[in-house]
Amino acid sequence: MSSLPVFFFVFSILLSQFPTNSIASDFCIADLSQPDGPAGYPCKDPSKVTVDDFVYSGLAVPSGNTTNFYNSAIRSINIEQFPGLNGMKISMLRADLDVSGVTPFHAHRVAELLLGVEGSVVAGFIDSNNTAYYKTLNKGEVLIIPPALLHFFYNVDSTPAVTYSFYPSDEHHVQIIDFALFQSNLPSEMLDKVTPLDHAEVQKLKKLLGGTNL
Amino acid sequence: MSSLPVFFFVFSILLSQFPTNSIASDFCIADLSQPDGPAGYPCKDPSKVTVDDFVYSGLAVPSGNTTNFYNSAIRSINIEQFPGLNGMKISMLRADLDVSGVTPFHAHRVAELLLGVEGSVVAGFIDSNNTAYYKTLNKGEVLIIPPALLHFFYNVDSTPAVTYSFYPSDEHHVQIIDFALFQSNLPSEMLDKVTPLDHAEVQKLKKLLGGTNL
Amino acid sequence: MSSLPVFFFVFSILLSQFPTNSIASDFCIADLSQPDGPAGYPCKDPSKVTVDDFVYSGLAVPSGNTTNFYNSAIRSINIEQFPGLNGMKISMLRADLDVSGVTPFHAHRVAELLLGVEGSVVAGFIDSNNTAYYKTLNKGEVLIIPPALLHFFYNVDSTPAVTYSFYPSDEHHVQIIDFALFQSNLPSEMLDKVTPLDHAEVQKLKKLLGGTNL
Amino acid sequence: MSSLPVFFFVFSILLSQFPTNSIASDFCIADLSQPDGPAGYPCKDPSKVTVDDFVYSGLAVPSGNTTNFYNSAIRSINIEQFPGLNGMKISMLRADLDVSGVTPFHAHRVAELLLGVEGSVVAGFIDSNNTAYYKTLNKGEVLIIPPALLHFFYNVDSTPAVTYSFYPSDEHHVQIIDFALFQSNLPSEMLDKVTPLDHAEVQKLKKLLGGTNL
Amino acid sequence: MSSLPVFFFVFSILLSQFPTNSIASDFCIADLSQPDGPAGYPCKDPSKVTVDDFVYSGLAVPSGNTTNFYNSAIRSINIEQFPGLNGMKISMLRADLDVSGVTPFHAHRVAELLLGVEGSVVAGFIDSNNTAYYKTLNKGEVLIIPPALLHFFYNVDSTPAVTYSFYPSDEHHVQIIDFALFQSNLPSEMLDKVTPLDHAEVQKLKKLLGGTNL
Amino acid sequence: MSSLPVFFFVFSILLSQFPTNSIASDFCIADLSQPDGPAGYPCKDPSKVTVDDFVYSGLAVPSGNTTNFYNSAIRSINIEQFPGLNGMKISMLRADLDVSGVTPFHAHRVAELLLGVEGSVVAGFIDSNNTAYYKTLNKGEVLIIPPALLHFFYNVDSTPAVTYSFYPSDEHHVQIIDFALFQSNLPSEMLDKVTPLDHAEVQKLKKLLGGTNL
């Protein structure tokens, strides 16, 4: 093509053909100061958005103190931790497992892509026909875990392990069953009824994990 | 596993790994004081949510006075009636049909699972090739009705009938054609044009059902 | 309107304007003889579809023998049990709870609308912040349970109880944790690692519930 | 950049990084010889796809003979008429209205964008609160009609009118209520029951429109 | 049916069965004064909605001044231009191409149905296997373009051409690569790196199209 | 709870309540021997599924030979490469960038979460208002890139760099514009028309990148 002199027309005319607020439709950084809704949070004013709204560095640092019963820690990264995920339908989690560390049984509504980052873990899940699937996962290997199935992983090496998880939703909802059952306020007499555990075992686990309404 | 004394660590550390507002992502009780949007209503403050926000008792009581032209009544239960449905993608309806009661032709954008609760009804729908499907539905039987197809049901027994309907959407949009056509403000001369009915019939039905712009 | 004689034109012309296979797009009864896919099963030949493909009577009968450890039974109704649900985004379940019957902790990827049908149950769920929500549910009352959260219910009356559940998906995936953990083939040494239970308790539960790889 | 000689590397290496069947994931032309499913039809072999699979010319020609009771005709264009729409979540319809032509009340599960192409029509819809919305639509003007609401349009000019409709689904399911009720096989005695019309009117309309089971 | 006198009951009872705010669920006209979210804008007060909220006339007029480098202009119509599209999952665009006019390479996340309205254009797209598909599109013909693939069209006739495009989303996000690359603020040294163009060519195009950070 | 002897009942009864083919609904490993459809591939026989169907090791190894014009290589991992992703709504990509390596401008229909794995890259994207966002991304840092926007990254360190990308779709459709334009079969005379490049530049780039129809 040719005709350079007319580029002023292009500039003024073409821009005028795009609504000044159309930038809002490319992305929607969460404004956490407003209440969210079923689809996420209202958008931050696009004119105040910078590249930093799209970057998150928290996966790079350990997710927490692993001096605990499980010798492990996790950091769940949803919209509330990384507002740039709002409406992007993806989120993540970092798990740190010290030697003999364990991430106990947990589940969430969406699928999970589990990535080995450091060390080696045995990772597994159980399907709704009660069949278990498990394998050792090394650095750079991934395991796809179907939605809502109980899964776990634990360090099988003599060095700490790190895993990253990725979810096709901007909010994943990790429920850890040890805590749901024994760190919650569900009365012991109910737990006696709805689990196969006897009263003594229920009491022991509630004391261990910090549950209330013993 | 073992080592009880460390459970204080577990308690403090694990909780600290979950954002205090993460509860918002498990559910979103509608705050009806705010305007809704295409995906539903903004969420009520999670710290104010109780189990009662998840319970609805209105299906248990008759849906209304059946002393009317159809000897029937319905109660449509969407987010506005049961805020706990917000974002849950399910809603419901109760219909009460007195002896000889009828729920006239209606449709809505999503599928319907119609459950017989009391008595017996003949329930049917018509597909877009103008083929009718109908059958007597007794207590505990269900009929699945595809999205947006006209359907109806009427009591065929000598006792009152009750049905419950369930929809895979937190807002269903029941449009009853008798009312859409003859209880609305659509001018009679338009109805004359766009229905196969003559003017006298249109006038008669508008008077019967309470339409305006005769 | 008027002009009766031309109705032959209408008949022939209008029909000719709709593809003879358009009926396929109103519904898609599952052809279970073919493999399914992520969105469901291929459609049965529409010309062979009758009203019976849209009706299911199995909710009306007890879901199974309740003479078991839980004094309860459930029947899960997905596409495989009711092919008419294919693509309709809704499915259901019936639970029968004898006196003192229990439906133990379970979860699934989609929300659940739990309906009291007979008797009274205490129904509850635990959110991902480990807060428990529970209430007595009587006939005609519903509880909405958010996706993927552990929930339970048990009979609190002196008569048998029946509940129906409805799900906004044509496949729900009930995973009962007692069976996932202790009726599965997951080796005991793994369960020792990833649950807070000691070896003796794990063995006891596996024996009780029929697990393998003790 | 520079270094021309290496372009052979680029060519061979880069291509080898894309699976030869990856083309299948850009589009999925319907193979109508196979049964469809809830999400559409299986894909035609990508190696046999040409640009003609993406082009449809049928909107350009009249949709049918308008010498009928409604002085109008429509052509509904779904996957079955245009296999390139498979999985593309959009479809269309052409309506031809002769002078005094009418497209009678109809509905479908998805929204409709109605475009005036020739002449002028009055187009309207009725919401589920029985409020009517209608306006004259001229060439190049559009009316957005919400999902599943009854709508209609008719020619108000002294020349033929043409409209195109666009739907955010690759299958729209037009149900015309005149035909659903009076061209179907639904027995007259049922229509007597579930419509506000008396027997004589039902018989008259069934005869007019070609219904069976009088 | 019969019994006219009771129609007052019908009127009062039936209306009372529909929540006064249920109208909000049939449609959700965007309230542009509030921030949008991932699913669109909050709804305008339904009591203030009129038929004009559902009508848009801007497609009928030229989309802009075509005296520019491309001899063309486009008008993109999203929620911000037509608030009635909010939540309706459909939007549109008008392109005007003067003689020898071009709509340069662009893409967007959703599919496009391109309709020839006036004149003739050559329209084409390139798939992710780098295969080009193109054809002359005349009045009334449509081309379906898969999501996110680069496409273009240009006038091949001796008269101006007009096209309309329809998208299965209430926000489409047209990105024109000439402007993204050469009208943006991306520094020239970066463009030198990430395009196969040399520095002189990059500078020339930035000057032509009005880019900054030369 | 108690009563061990009855566990045989549990075992036989509970299992009999779950359809033997219900396992198909937890996951759907792609059967690549069958044609896919808009929602993915038909499911592999569940009885033949092993844990290896859920594991992929290809991210751990270099994605290809980086001795090329871009000093880089990528490996795109969709269902065709990892059948376990079928229906899981997530997929991934590995990029290897040698010193001074570049991943040129590309786009795809879904969002991308770009993770720094080794070394340091400058990563950026341009929105549909032609505003550029870019930043240096180090090991463990992530950048979220909105759907369908042009983006790029290049090595800014003196050591090789590796990145992983994750997408909320089981098929992402990377289109690299250099190849779409200059490695395709689109005739040069068309490229002259629809790009701002002159004929000589088009010819040069087609020769460089291996395009046909010069």
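Labels for the chains are A, B, C, D, E and F, by order of writing; each one numbers its residues from 1.
Throughout what follows, contacts are C-beta pairs under 8 Å (C-beta built on N, C-alpha and C of every residue); 3 or more make two chains touch, one makes a residue touch a chain.
Note that this is a predicted model, so its numbers are computed, not measured.
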### Message
What are the mutual neighbours of chain D and chain F in this structure?
### Response
C, E
### Task
Over half of the contact pairs shared by residue number: find the pair among C-F, B-D or A-C that meets that against D-F.
C-F
#### Entry: Chain pair, B-C or C-D, that carries the greater number of C-beta contacts
B-C
## Note on the structure
Distance in whole angstrom between the CA centres of chain E and chain F is 27
### Summary
Cα centroid separation, chain A vs chain E, in Å, comes to 34
#### Entry: Whole-Å separation of chain centres (CA-atom averages), chain A against chain F
20
### Query
Which parts of chain C, given as residue numbers and ranges, touch two or more other chains?
1, 18, 22, 25-26, 34, 37-39, 69, 110, 124, 127-128, 131, 134, 149, 173, 179, 183, 193, 195-197, 208-209
#### Entry: Chain-level touch network, classified as line, ring, star, complete or other
other
### Query
Where do chains touch, given as pairs?
A-B, A-C, A-E, A-F, B-C, B-D, B-E, C-D, C-F, D-E, D-F, E-F
## Note on the structure
Seen from chain E, its contact residues with chain A in the complex are 32, 34-39, 63-65, 67-70, 73-76, 78-81, 171, 173-174, 176, 179, 183, 207-210
### Summary
In their shared complex, chain F is touched by residues of chain A numbered 1-2, 18, 22-23, 25-27, 50-52, 54-57, 59-61, 82, 84-85, 88-90, 92, 110-111, 113, 115, 124, 127-129, 131, 133-135, 137-146, 149, 164, 166-169, 192-193, 195-198
### Task
Give every residue of chain B touching chain A within the complex, in rising order.
1, 3-4, 6-11, 13-14, 16-19, 21-22, 24-26, 28, 31, 34, 37-43, 45, 86-87
### Query
Contact residues on chain C for chain A in the complex?
69, 102, 104-105, 107-110, 122, 124, 126-128, 130-132, 134, 147-150, 152, 154, 173-175, 177-186, 190, 193-197, 201, 205, 208-209
